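Notes follow the structure.
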Amino acid sequence: MSKAKVETVDTRDKAGEFFKCTDEERAVFEAGIKLGGIYHQFIGATVSPENVDHLEKTMVNGITVQPFVEHVEAHIDRTELKEKRDPYDYITVTGKMLDVRITTRYGTARTVCRLRYIDELRYPLMYIEKVERV
Amino acid sequence: MSKAKVETVDTRDKAGEFFKCTDEERAVFEAGIKLGGIYHQFIGATVSPENVDHLEKTMVNGITVQPFVEHVEAHIDRTELKEKRDPYDYITVTGKMLDVRITTRYGTARTVCRLRYIDELRYPLMYIEKVERV
Amino acid sequence: MSKAKVETVDTRDKAGEFFKCTDEERAVFEAGIKLGGIYHQFIGATVSPENVDHLEKTMVNGITVQPFVEHVEAHIDRTELKEKRDPYDYITVTGKMLDVRITTRYGTARTVCRLRYIDELRYPLMYIEKVERV
Amino acid sequence: MSKAKVETVDTRDKAGEFFKCTDEERAVFEAGIKLGGIYHQFIGATVSPENVDHLEKTMVNGITVQPFVEHVEAHIDRTELKEKRDPYDYITVTGKMLDVRITTRYGTARTVCRLRYIDELRYPLMYIEKVERV
C-alpha cells in the first residue's frame, strides 16, 4: 500500500520550521508524545471510587490543552475499585486499567491513536488506529 | 521544650510491628510520605482553567484514601492560568503553585503538615504546622 | 513536497496488526512516545554534580531498551549545577536542561527526533529532525 | 514506653521557624518526604540489566543531596531482569522491586527509615526502623 503525503505548516504553528516531515507524521508524533506523557504521569496515582471520575477528567482536560489535540477520551477500568477494608487497601493506576484515545490534527492530516492494554500481548500498547487526509 | 510521647498501635494497623517510634513520629512520617509523593506526582502536570478543579479534587481524594489521613486541602494557584493564544501556550504545575495541607492521625497523635512555596526561601517547603495529643 | 510511503510489518513486531499506518508514521510515533515519557519521568528529579552522569545514563539505557529504538543521546545542562551552600540549595531537572535525541527504526523507515528547549519559543520542543527510507 | 524529646534548630536550617515539632519528628518527616518522592519518581521507570546500576546510583545521589539526609542505600531487585526476547519484552520498576533505606539527621535526632515490599502485607511499606538521640 502506498500513499502520497504532503508537508504543510499549520498557521498557528510557530515551531513549524523545526519539523522535517509530512503532516501525517507530525500528527502521529504529537499523539505519541501525549500518550507517552500521560502514561508516566498517571501510573502509580492513587485511585478510588471517589476520585476516579476526577482523574479521568484531569487526564482528558490535561491532554486537550496540548498542541494539535482535537479530541480525547480517557477511561479507567473500575473493576478493581472497591471499598477499603484497612488503611493499606487502596489501588494505584496500572497500565492494565487505562484506555485513552486521542485525535490529533495537523494541517491536512488527522490521526486517532490509542493506549490500551492488550491481553494477548500482556502489554499496555500505544498504537495508531487511523491516519486520514482532511 | 520537652514533651513525653507514647507508642501505641492503631488497631487497624496490620503493619504496626514494623515501626519503632512514637505515635507522633508515625503521624508526621505518614504526612511526609504523602507530601513527597503528591509533589512528584503532580509537578509537570498540564493545568488549565478547565481542569484545575478536577486536578485539585484528584489530589485531595488520592491522598485521603491513603493510610492514616484524616483530612486534606489542596489549592492550585490560578494566577497564571489563562486563555491559550497559541498551541504552545499552556501551563504545567510547578512548586510555586501548590498549597497542600494534610491532617494525619495515628493512635493518640494528630499532626497537620503542609506543602507551600515560601517566597523568602524561594523553596516549596514541606513543614509540620502542628503535632498534638488527641 | 510529496513522498510515497510503504507499510510493512517488522517481523519482530507481534503488535503489528494493531497499527494502521506507514513505516514512517510508526517510527515517529514510537519516538514521540519515548520523548513524552522521558519528559514526565525525569522532570522534577533531583540533580547534582554527583548524579548527573548516572541520570543521563539511566535515561539513555531506559529508552534504548524500549521497542524500535536504535540510538539515544541524552544531555543534561550542567550550567546551574553547583556546590550546595545550604540544605535547601539543590536543583531539580527542568525542561530547559534536557537535550535528548532518539533514533527509531521501523521496517523501511528511520527517524531522528529530539527534545530540546528552544529559547525563541520559550518551550521544551519535541520535534522531528529527519525521516528517511533505509 | 515514653521518651523525652527536645526541639532545636539546626543552624543550617533557614526554614526552622516554620516547624512546630521535636527534632525526632522533624527527622522522620524528612525521611518520609524522600521515600514518598522516590517511590513516585521511579515507579514505572524502564529498568534493564544495562541501566539498573545507574538507576540505583541516580536514586542514592538524588536523595543524598536533599535536606538533612546522612546516608542512603537503594537496591533494585534483579530477579526479573533478563535478556529481551522481543521489542515489548522489557521491565518497569514496581513497588515489589525497591528496597531503599534512608538515614536522616536533624539537630539531636537521627532516624533510619525504609521502603521495602512486605510479602505478608502485599504492600510496599515505608516504615521507621529506628529513632535515636545523637
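Note that the chains are named A, B, C and D in the order they appear, and that numbering of residues resets to 1 at the start of each chain.
By our rule, a contact is a pair of C-beta atoms (placed from the backbone, for glycine too) under 8 Å apart; a residue touches a chain by one contact, two chains touch by 3 or more.
The structure presented is a predicted model; accordingly, all values stated were derived computationally and were not measured.
J.: Return the chains common to the contact lists of chain B and chain D.
T.: A, C
J.: Fitting on CA atoms only, what is the rotation between the copies chain A and chain B? Please report it in degrees, nearest 5.
T.: Here the rotation carrying chain A onto chain B measures out at 180 degrees.
J.: Please pick, from B-C, A-B or A-C, the pair whose interface repeats that of B-D, with more than half of the contact pairs identical by residue number.
T.: More than half of its contact pairs match B-D, so it is A-C.
J.: By mean C-alpha position, what chain is farthest away from chain B?
T.: Chain C.
J.: Provide the C-alpha centroid distance between chain C and chain D, rounded to the nearest whole angstrom.
T.: 28
J.: Using mean CA coordinates as chain centres, what's the gap between chain A and chain D in Å?
T.: 32
J.: What positions in chain C touch 2 or more of the other chains?
T.: 14-15, 39-41, 44, 88, 121, 123, 125 - these are the residues of chain C that touch more than one other chain.
J.: What residues of chain B sit close enough to touch chain C in their complex?
T.: Contact set of chain B toward chain C: 39-40, 43-44, 88, 121, 123, 125.
J.: Touching residues of chain C toward chain D in the complex: what are they?
T.: Those residues of chain C that touch chain D are 10, 12-15, 41, 44-48, 50-51, 54-55, 57-58, 60-68, 84, 86-88, 90.
J.: Could you list, by residue number, the parts of chain B that touch chain D in their complex?
T.: Contact set of chain B toward chain D: 1-7, 14-15, 18-22, 24-26, 28-41, 111, 113, 118, 121, 123, 125-131.
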